[in-house]
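Presented sequentially are two complexes of subunit A, the first with subunit B as partner and the second with subunit C.
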Partner chain A sequence: MVAAGARAAHRGSGPSSPYPHWFYAPAAVVFGVLFLVPTVLALYFSLTRWSIFSSEFIGFGNYAQFFQEPALVSGLWHTMVYAVVTSGLKVVLGMALAILLTSQIVARGYLRSVVFFPVLVSTIGVGLTFVVLMNPERGLINQALGAVGVDGPGWLTDPSYALLSVALVDVWKGVGLATLIYIAGIVSIPQEYFEAAKVDGASAWQNFKKIILPLARPATVTVVILSLIGGLRSFDLIWAMTRGGPGFTSDVIASVIYKQYQAGFYGLSTAGNVVLFVVVTAIVFPLWRFLNRKEVEM
Partner chain B sequence: MRFRTIAAGALAAATMLAGSACSAGSLGSSDDEGGGEGGKVTLSLLVDNSEDTVRAGEQLAKDFTAKNPDITVKTETRPAGTEGDNIIKTRLSTGDMTDVFMYNSGSLFQAIAPQKNLVDVSDQAYNGQLDDNFKKTVSADGKLYGVPWGTFSAGAIMYNRAVYAKLGLQVPKTWADFMANNAKIKAAGKVAPVIQTYQETWTSQLFILGDFHNVLAAEPDFPDKYTKNQAKYGTDPAAVLGFQHLQEVHDAGYLNKDFASAKLDDGLRMLAKGEGAHYPILSGTIATIVANYPDQAKDVGLFAIPGTDAAKNGATVWTPNGLYIPQTTTGAKLDAAKKFLAFVASPDGCAAQTKASAPTGPYGVKGCTLPAEVPQVAKDLQTYIDGQGTSTLALEFLSPVKGPALEQICVEVGSGIRKAQAGAALYDEDVKKQAQQLGLEGW
Partner chain C sequence: MTTLRRPNYLLSVVAILVSVVVFLVPFAFILLTSFKDRTQAAELDFSWPRNFQFVDNLMAVIEARDYLLIIAFINSTILTVASVTIMVVLAAMVAWTLQRRSSRWNPLVNILVLSGLIMPPAVVPTIWVLQRIGLFRTMPGLIMVEVAFGLSFCILLFRAFIATIPRELDEAAIIDGASPLRLFFRVIFPLLRPVAITAILVQSVNVFNDFVNPLYFLPGEQNATVQLTLYNFYSQFNTQYNLLFTDILLVTIPPLIMFLFFNRQIVAGMTSGAVKG
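Showing the complex of A and B:
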C-alpha cells in the first residue's frame, strides 16, 4: 500500500494524489448538496420576488431595494460598531487575563475555568438572564447601583446604550475563548527569551512589550479574526436581548435580514444574506492577508 | 451564517417537495383511512400563546372530545406577533402545519396565500350561520376558508373608571378633551395618565391602528386609495394624526415611567390596580384582567380613540381570528378537522369559549348568546357596535396592505427617538415592500 502510494506520487509531472479520484466522491456529494447547490440557489432566489410557493424573476430589484432599506444604513453602522467594540475589548481583556492566568497566582486552574465558563453557556440563556439583570427598574444591576447612590441608565431600553450593553455582554461571554487562545500563545513562547531578558535586567513592562506582545502575535491575529467575524455576523445575542430595539437602535445587518425573512420577503432577505457574505469577506479577507504578511516579515 | 441560512433554505425546499409528494400519496390512499370506523383520530391544533387563547383552545378541545369520543385534539402554542407570522408561513410552506390552526383574519390571512394552502369550507352547513363582516375577512376569491375564533374586539382606550370617578372626569369625545383629562390626571399626581408597554412591541401600534375610524370618517375612500398607492400615511392629513398623537403623549410626559421595559401583563396590572389611567390596547385583553384581577375588572371601561370631530366619534373594530385547515390535512384527519370547525362555529363552540374566559365582545356566529354577566369593557364595546356609524372595521380588513415594521416605528415615535412625520414616512416605505410582494397594481 505504501509502495503503491509512493509510486503513484512519483507518476506524472504535476503534483498528484496518492488516492484515486473517487475517494473524493463522498465529501464532494456532501459539499455539493449542502453547500454548492444552496449557494447557487440562493444567488438565483436573491434575484426573484419569492413568496410562499411562487417566485417571479425581478433581476437586481431586491438588491436595489435592500440598499434603500432605511434600517440598513444604520444596521451597517451598528454592525461595525459592535464588531470593533467586541473585538477590541476581547483583545485587550483577553491579553490581560491571559498574562494574569499564566503568572504564579493562587488557584490558577480554578480561575482559568471560571473565565472560560461563560463560553460554554447557551447564548440565548445568557441573553435572557442579562435582560432580567439589566431591567431598569427591577434589575439587579441598577438596584446594586442604586444602593451606592448611582442612578443606573436603562441599559437595554435607552437608545444610546442598548447596542453597547449587548456588546458588553458579548465580551463577557466571549472573552474566555480569547483568554484561552492567548494563554496558549504565551505558554508557547520559549523560556530562553525570558531568561535572557532577566540577565539583561529587563523590567516586567519591558518583558511584556518586547517579548510577549510580539511573540504572541499569532494569537492576536486569531483572536482579532475570530471575534471580528463573530461580531460582524452576530445575531443570537442581540435578538435574545433587544430584538434590534428600542425601535431600530440596536439593529445589525443580520437582524435586519431576519426581519425581512420574518415578514415573508424571502427574496429580499436572501439578497441581504448575499450582501452580508460579501461584506464579511471584503473586511475579513484583506485584514487576514495584512495581519499574516506582517507576521512573515517579522 | 450565510451557509447555514442557505442550507436551511435548501432543506426547507427539499421538505416542501417531500411534503407535497406525501400529501399526493395520502390522497390516493384515503379510502383505507376512512375504513377505520372505530379508529381514534388525534388532531393537532396550533394557537398563539396568550393566556386566553390557550385556555379557550383547551376548553374547546375538551368539550369537542366529550361530543366526539373518537377524536382528541391536542393544542400546540406559538408566539404572537411577527414571530408567529413567520412560524405560520414557514410551517405552511414546508408542509409541516398542524391539522388545524388559528390565525388572524384580514390582511395577514391574505398573506398566507389561502387559495394554495387552505381547505375551502364554503360548502359546509355552518356557512349561513357566520357573521357577514367576519366572512369577508376569511374569504379569498369568493371562497370561505375559516370559522371565527374568539369575539369581535376593538382597538381602543381601556381606562380606569375609579380614577375617572375620583377626579370627576368625563369620557372624552375629542383628542383635545383626552389630553385635557391627561393633564388633570398628571396634576393629581401618582397615577400615570397613559400606559405604554414597548417591551412587547406590538402593543405600541394602537394609537395608529385604532385611530382608523377617525381616518375613515374624514376620508371615506381612504382604504381604496391606500391599496392603489394613491394615499399615504406620511402625506394624508387625517392619517398622520395617529403618529402625532403617539408623539404627543410621550412629549407631554404622560407615559408610565417604565414604558420602555414594561410588557403587556405589566400594563394590564397597572390599569387594573389604578396605577395608570388609560391604556390604548385591544379590548380582548380584558379577559386577562378578569382572570387575574377579578375584583378590579369592573373598574375597567373602554372608549374609542378620540379624533377631531366629537360628532363622528366611534371605535375601530377587529373581527375574530379564524380557525383554518391546511391542505396538508387529508383523509380521516380532514373529516375530523371539518367536524372540529363545525363545532367551533356552533353555539356549543361559543359556550365552550365562554366557559374558558369571559367573552369580551360579540361572537361571529349567529345564535350565540352572551351571558348576563359580561365585563364592563364588553358592554361599552357593544354600545359602539350597536350604534349607527359608531364602528368601523380596522384598515387591515379593508386593505391587504400592512407593513411589517409598524411596531418598531411606533416604539421609536412613542419613545421620542423619531418624529411623528418621519415615522409616518418611514412606514410608507415599509408598506411598499408588502404591496410589491403581494403583486398589487400601482406599486
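Showing the complex of A and C:
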C-alpha cells in the first residue's frame, strides 16, 4: 500500500488516490502480453519467411503471395460477402421479429426464448447438426422441400451455395441476439410517441418508418457492429460445416489463416492475420463513427 | 402498441408454427437421433426411434477413446471457471479506476478496451509469445488467453454499472480509513453483484463454447476441451450418427441449464448496448 501510494505521488498525480493506477496493472499485464505484444509482433512476422525453427526477413513477399494466389484472394472476397449477408439478414430479420414480439400476440415469452436459445448453443454443435440436415439426398431440409415438389440444392456440396448456406445457419444461430437487442431498443421508446401517432391517425407503416426506425437507431448500430465484427472474424461455423470447401469456395480469411498455420507457413498465416486486422479496422471503426455521429445529430 | 387491443390470434398461430418448424425441429432432431440405434440413425430422417437405446449411446460416447469426453468436460469446466473468475475480477478493477479517476491514462485505456473488442487476435504470434513464456499447450496459458480476449467486454459492462454507484459511498469509506484495496473489495465489489452475475454468465457461455482458442493454443489429445472433442468425434463417428448426436446433446445441456435458470441476466448482459449505443 505504502509503495503504491509513494509511486503515485512520485508520478505527480497527487497524494495517494483512493483509485490507484496500479489497479490497471494485472489486467494490463495479461492484455499486453497476450494481445498487444502479439498484435505488434504480427506486423513484423508477416514480413518474414517463418517456420518452427527460424524466421527470415523477406519484405512484402507474403502479402504479394496473399494477393496473387486466387484461393487466398477469394478468401478475402468471401469474408466480405459472408459478413455483409449475415449482418444484413440479422438487421432485417431481427427488426421484423422484434416488432412481432413486441406486438399484441400470444406466447411472446415462448417465442422470445425459442428464438434466443440457439445463441447460447455450441457453434460446432449447431454446425454439425446442420451438416446432417442439409445432406443433399437424405437431409431433412431437402426431404421436406421434395415433399412439396421442390428440388433442393446440394446446400454444402454445390460450390455456388456452400458459403451462403453457412451464412444462413449463422443467421439462424445469431438472429436471436439481434432480435433481443431490437426488443430492448423498441421497448425503450416512450409510449407517448405511439399515442401521439395514434391521435394523428398514423398507419402501422408510418409508425414503423417515423418512430421505430429512427428511435431504435442505437439498437441498429449495435446489431450492425456486432454482427460485422462476428462475421468478418467468423471461423468455427465455417470450419465445422465445410472446412472452406468444396474446393476453396467457402474459405474466408480466418480459415485461410488456420490452413496456412497448419501447413507450417507461419509468415503467410500472419500476413493473413494482418490483412484481417486491416479489413476489420477499416470497416468497423469508420462505420461506428459514422453511425454514432448520425445519432448525435438527431 | 396500446395494451388494450386484443391479441392477434391468427398472427400468433402463424408465428408459433413457423417457430416450431424453424427452431424446434432441429433440436428435436438432435434429441430423436440420439435415442436411435445405428442403422436407423444413418437414415437421417425425422422419425420416432424404433428401439430406444439412449443409455447404450450415452455409454458408448462416454467410453470412446478412453473416456476422453469425461476429461474434456473436466478440462472445459476448469477453463471456464478459472478464466471467467480472473477476467471478472481484473475487469472490475480496471472499470472501477477508469470510471472513478480521470487521468491522462483514460483515453489510452479506452482505446485499448475498444481495440480488444474489435480487433481479431494475432494467432501465430500469440503462440510464439506463449512458447517464450513456457505456457503454450498448457491449461494456464489457455486460461490467460481467454482472460485477455474477454476483458474488454467485461470492462464495458462494469463501467456502465459503476457509473450508477454514488461517489458518496466511496467518500464515506475513505473517511472511515479504508485503503483502496479494502474500499474496492469490501465495499464496492459486493455492490457489483448484479452486473458481475451477468458478466459471469455471458462469458461462461462464450468460453465454454469457444472452439478457436483451444484449437490453436491447447492442441493435443489429452488436453481436449468439449468443443474440440465434439469436432473430432465428427470425423470419428462419421457413420454413427446416433453417437454424434448424443455428443451434441451432451454439449448442449450446460447452456440449456444456464438458459433455464438465468435467462433474464444473460439477456440483460448481451443486450446492454442496445439502448445507449
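Quick note on the criterion: the second predicted complex is superposed on the first by the 275 of 298 C-alpha atoms of A that agree within 3 Å, B and C clash if a C-alpha of one lies under 4 Å from a C-alpha of the other, contacts with A are read in each partner's own complex, and residues count from 1 in each chain.
Quick note on the criterion: a residue touches a chain if its C-beta (ideal position, glycine included) is under 8 Å from a C-beta of that chain, and two chains touch if they have at least 3 such contacts.
Everything numeric in this text was worked out from a predicted model, so none of it was measured.
> Look at the residues of subunit A and decide whether subunit B or subunit C touches more of them.
With both complexes superposed on chain A, more residues of subunit A are touched by C.
> State whether A:V256 touches subunit B only (first), subunit C only (second), both chains, or neither.
Touch status of A:V256: no partner.
> Under the stated touch criterion, which partner chain does A:Q65 make contact with: subunit B (first), subunit C (second), both, or neither?
The answer is first: A:Q65 touches subunit B but not subunit C.
> Scan A:F248 for contacts with subunit B and subunit C and give back first, second, both or neither.
Touch status of A:F248: first partner only.
> Quick check on the superposed pair: does A:A167 touch subunit B, subunit C, both, or neither? Answer first, second, both or neither.
neither
> What is the contact status of A:F194 with respect to subunit B (first) and subunit C (second): first, second, both, or neither?
second
> Please indicate which partner A:M95 is in contact with in the superposed arrangement: first for subunit B, second for subunit C, both, or neither.
neither
> Of the two partner chains, subunit B (first) and subunit C (second), which one does A:A42 touch, if any: first, second, both, or neither?
both
> May I ask you to decide whether A:S103 touches subunit B, subunit C, both, or neither, giving the answer as first, second, both or neither?
A:S103 sits against subunit C, while subunit B stays out of touch.
> Quick one: classify A:L276 as touching subunit B (first), subunit C (second), both or neither.
both
> Across the two complexes, find the residues of subunit A that touch subunit B and also touch subunit C.
Dual-contact residues (subunit A): 33-35, 37-39, 41-42, 45, 135, 233, 235, 254, 261, 270, 273-274, 276-277, 280.
> Going by the contact rule set out above, which residues of subunit A touch subunit B in the complex?
33-35, 37-39, 41-42, 45, 49, 51-53, 56, 65, 68, 70-71, 135-137, 154, 156-159, 233, 235, 243-249, 254, 259, 261-265, 268, 270, 273-274, 276-277, 280
> For subunit B, which residues are in contact with subunit A within the complex?
Of all residues in subunit B, those touching subunit A are 1-3, 5-7, 9-10, 13, 82-83, 85-86, 89, 92-93, 111-113, 116-117, 198-199, 201, 257-258, 260-261, 404-405, 408-409, 411-412, 415, 417-418, 426, 429, 433-434, 436-437, 439.
> Please name which positions on subunit A make contact with subunit C in the complex.
Within the complex, subunit A touches subunit C at residues 1, 4, 13, 16-21, 23-24, 26-27, 30-31, 33-39, 41-42, 45, 50, 100, 102-107, 110-111, 113-125, 128-130, 132-133, 135, 138-140, 143, 172, 177, 180-185, 188, 191, 194-195, 198, 207, 217-219, 221-222, 226, 229, 232-233, 235-236, 239-240, 254, 257-258, 261, 266, 269-270, 273-274, 276-277, 280-281, 284-285, 292, 295.
> Can you name the residues of subunit C that touch subunit A in the complex?
That would be residues 1-2, 5-9, 11-12, 15-16, 19, 22-26, 29-30, 33, 43-46, 86, 90-91, 93-94, 96-97, 100-101, 103, 105, 109, 112, 116-126, 128-130, 133, 144-145, 147-149, 151, 155, 170, 174, 179-181, 183-184, 205, 208-209, 211-212, 215-216, 226-227, 230-231, 234, 241, 244-245, 248, 251-252, 255-256, 258-259, 263, 266-267, 270-271, 273-277 of subunit C.
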